[in-house]
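Shared chain: chain A. Partners: chain B in the first complex, chain C in the second.
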Partner chain A sequence: MTNLPAITSRDPLRRGFVALPWAVACGMLTYAFIAGGYFVTVMSFAMIYAVFVIGLNIFMGTAGQVSFGHNAFAALSGYTSAVLTATYYWEPIAAFAAGLALALLVALVVGWPTLRLKGHYLAMATLAIGLIVYEIATQWQSVTQGYMGISGISPLAFWGYEIVSERGKLFALVLIVLLASLAAARLRASRFGRALAAIAGSEDAARALGIDVAHYKLAAFLVSAAYAALAGSLFVHVVEFVSPEVFGLHMVVLAFTMLYVGGIGTLGGPILGAVIVSLLPEMFRGFKDYQDLFYGAGLIILLIYAPKGLAALSDLLPRKGRA
Partner chain B sequence: MTLLSLQAVTRRFGGLVAVDAVDLDVAEGGVTAVIGPNGAGKTTLFNLVSGFQTPDSGRILFAGEDITARPPEAIATAGIVRTFQLVQLFQNLSVLENIKVGCHLHTQGGLWSALLRTRRTRREEQEVEARARELLQFVGLEAAPETEASALAYGQQRLLEIARSLAARPRLLLLDEPAAGLSADETKRLSGAIRAIAGRGTTVLLIEHDMKLVMNTADTIAVLDFGRKIAEGPPAMVRESPPVIAAYLGVGHA
Partner chain C sequence: MPDLSYLPQIALSGIAVGCIYGLIGIGFCVIYNASGIVNFAQGAFVMMGGMIAYSVLNTLGLPLPIAAAVTIVAVAAAGVAIERVVVRPLWDRKATMFVMILATLAAQIVIERLALIVAGDQPKTLPQFTDLPPIRLGVVVISYQFLWIVGVSLLLIVLLGQFFKRTKAGKAMRACAFNREAASLQGINVSRMLALSFALSAALGAVAGVLITPTQYTAFNVGVPFAISGFIAAIVGGFGRPLGAFMGGIMLGLTQSMAIVAFGAGLKNVAALSVLLIFLFIRPGGILGEAK
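Let's turn to the complex of A and B:
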């Protein structure tokens, strides 16, 4: 029994491996605060995406479901924030509350019927909702101003206190990411989170133990949609501009990359993935024309050598007690 | 008192009658075994009782209440918990967490209490932890609670599945071939565990091919063959029953 791999590890070398990507991520954040400038913007984007990916990880990592359309919830909330603050001069917090409510309502309408069905109905429905919301953003010009987008959105503000400096924004975003991550950790360690993880493990066994699978899948979907909505609203206030492309399919691809690079199903994975994947294009910027090539190669190498993501790097070490 | 009562329960798959007008009364307390050759319809019977499949006709009563065609989670809530012929663990969770999931029905915490971690939630978590460890001890798996369930040997996985079911505090526990894949030693241990479970007041309904285990644990045996119940009674009687001998020796069927 003692030879079995334990989930937690007290081995110092192993701990070091766990700590390495964290050291990189924290180092980069600290560097951004010190150096300022463009790097702060890169890290701010990373933090906004981290919020999005932490939520996606609850639905995909913990509950084992698939969604290609969480960008829709970011878009719904982001555009609501943009329109209500830029056109109607609402308070950012109030506008976000409205955006969140709209995103959750749409998530409920999409999730309620599809999550009851087995198979890939939800994945297809989410893909559709992502595309539909994108179409609305481009076509409903009287409200969204189409491809031109909306500018003049009020900056990030909490209860009347506006955050204007780039460093200040990044600091606020880091705090929000930590809170979002704490909430996710608490969820995972609870009866609620165990039910989601059980569904990922075996729906039949979960039902045999009295877990209402459809109910919990819907709850996970709504929780992750709320995270996406928060990310969407944060984005428009940080950048003070929004256009349909911001929440396009590109967002889904990037979020998936971050989720898998960081480590799907792990607590720290989303943050690590968001930081590291945001840094990759910057690292290869010097290669000019070949930037995309190196970026792609970098990703492939990461996924080959750390298939469970950076948060599970320590798994790569040979285990003690095993031949 | 009759805890579970099947009344003329039938289930067809196409032309095949997997369960054919079966009447069965399971008395509260003690161990009832369902035996029969491969394909006799035993697992299908469990699927019908636990709500994973619905009968084409007939009624299923549990503690006097009609539970026919209720969904599995509702049947678990009513007090019937099953294990699976092919072990269904949460492979992605630790041994301890598997059992904690089993405590789902008897705990309350939801989304908000998880986020706020109220005093009540923390107390509930402590109770769940203690109960899970107690059950690990009961099945002899206390040595490695943090191990991933998928890393356990097959026999241990079966024991873990039983412990997880017990965490749900069932009134009726359905075990589908719990001894399959177990060593002689493990089977002996299982035998003791089954008697202990019944001794604590949980009624056990057991599907099993291992005749020694059946004879050692069961108070009553029901025999299925081609979906029909061909015999029922105490072990000594069933063993001598001519149709049972015929079914097991293949007489009368090609």
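Let's turn to the complex of A and C:
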């Protein structure tokens, strides 16, 4: 991979600094496989969030846009999966396809007018989309059962092969995250990805180079919505339960924290951020009420003091040799 | 089809809650004009207004007017604290608008969670300011709280107008809204104006919170819906125009109370958010057009 130039550096200290968070992340995943039990669940959540954050990173990190409302697409797909498998006994794959289609349709319809907005208008419009979907999930009781939530959702299954064990689920999720990350890396290196990076740099300059800015922004929005939809469906199948809180504002703040911890705009950042941030509440067990408090406060501190996240850890070291 | 004779009554309750949205919307405008920042923690001030007034009233046993005054001062101090701890460091580092929005949204959640931990999740309410039976005018019943809400809101608007027109600080803030660089060249301390705008905006939010709590309730999580309604009010009125925000608030309050009658109370937030999206998509400059 070419995304971590510092890892090829000859300075062993710097190399170690860059590798440290990755060592922690890989160590935690390995530990989860060996130890099993509750820790597997923690890492499974981390992997589901990683999918969501990888998508968000394409829209925000690569294309330089803003969305506070991607939880809407996770909710749409998650609820579709939940209702179709729990009430109508669909296959999980078919239900996910339906959820994905619905999420993409909504993203297309809402994205078109939304993405013409800028700055705080764009931020507020996307926030509103997320909140509207959340409100509907709490109010449309005949379908979503409101705050009670839907239980009895079928477990994760691929072409009839059901994954029952917790370790098996985690293994499948790790595979999905690697595939999702690989796809994001390919996308970033493609013509499409370069166009998005150009838009992030300067919309006017990108337009001057012949890039159809509006179309590319919408495409990036749809791609990231698809990732969000995948995360939403994975969540309901892994937990086998869904309620509106799962996809509330909490999800947005958590995802942003992960994105900023890992390093926005980097390829590995989302995975790194998801694993590290998921570990935090485990360190503060017994402080369940304090979770969102720590996430919020941590996010503020990161935004102020380390806006590049762990991926830029080596920048803290004084540079030797080359000026 | 609901009974249409209720309509004037519904309109009155819409106006009352609309005044509250208007005050919150003005709070958005005050900070935006002074600094170009959109403070997404605005709802926290409203929530704190109700919650602090409740605890001052019930634990310290102070009379309501004093409790309200203490609350407003405390929330204004909280506003300055947010400015110092969250906004100022980012401002000094020239953070992008998006980072500023994200940070203030995170501040909102931190305050919300603190309130949950300190005060618990039970809804709280304040007594009516004037404990007299409501006034009957034909089919319409006017409660004294309605008069308090409308009266105090109008008074505040007049006072704010005078503040911006006559006082030195008010004029300086208007100069910042016009052009921050030119203002600082004139010797105006722009960064002090930032702190002042947060104090003023927080105080407005606190007043809104104290006024509205007797008619409904307050809890740790009322902030975000209030902030969004206030933001909608500011957008509808043309962002950055305090008077427009107040009018926008009343329009939103009326729309929302009609929506409650037509679709039920459950969808009132969906109705408000839909109004927001329609405005953003069709006319993001609001009815009067954005300030400047």
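Heads up, the rule we're going with is that the second predicted complex is superposed on the first by the 281 of 323 C-alpha atoms of A that agree within 3 Å, B and C clash if a C-alpha of one lies under 4 Å from a C-alpha of the other, contacts with A are read in each partner's own complex, and residues count from 1 in each chain.
Just so we're on the same page, a residue touches a chain if its C-beta (ideal position, glycine included) is under 8 Å from a C-beta of that chain, and two chains touch if they have at least 3 such contacts.
Quick caveat, the model's predicted, so the values are computed rather than measured.
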Scan A:Pro307 for contacts with chain B and chain C and give back first, second, both or neither.
-> second
Please indicate which partner A:Val42 is in contact with in the superposed arrangement: first for chain B, second for chain C, both, or neither.
-> neither
Using the superposition on chain A described above, determine whether A:Val24 touches chain B (first), chain C (second), both, or neither.
-> neither
Which holds for A:Ala97: it touches chain B only (first), chain C only (second), both, or neither?
-> neither
Touch check for A:Met124: first (chain B), second (chain C), both, or neither?
-> second
Please indicate which partner A:Ala297 is in contact with in the superposed arrangement: first for chain B, second for chain C, both, or neither.
-> second
Thinking of the overlay built on chain A, is A:Ile211 touched by chain B (first), by chain C (second), by both, or by neither?
-> first
Once the shared chain is lined up, is A:Ala183 touching chain B (first), chain C (second), both, or neither of them?
-> first
Report, in rising order, the residues of chain A that make contact with chain B in one complex and with chain C in the other.
-> none
Parts of chain A lying in touch with chain B, wherever the complex brings them together | 1-2, 4-8, 183, 186-187, 189-195, 197-198, 200-202, 204-213, 219, 223, 265
Under the touch definition given earlier, write down the residues of chain C that touch chain A in their complex.
-> 38, 40, 85-86, 89-90, 93, 95, 97-99, 101-103, 105-107, 109-110, 112-114, 116-117, 224, 228, 231, 235, 239, 266-267, 269-270, 273-274, 276-277, 280-281, 284
Complex contacts: residues of chain A adjacent to chain C | 66, 68, 113-114, 117, 119-121, 123-125, 127-129, 131-132, 135-136, 138-139, 249, 253, 256, 289-290, 292-293, 295-297, 299-300, 303-304, 307
Residue ranges of chain B in contact with chain A within the complex | 50, 52, 71-73, 76-77, 81-84, 88-94, 97, 100-105, 107-111, 113-115, 117, 121, 124-125, 128, 143-144, 146-148, 151-152, 161, 164-165, 167-168
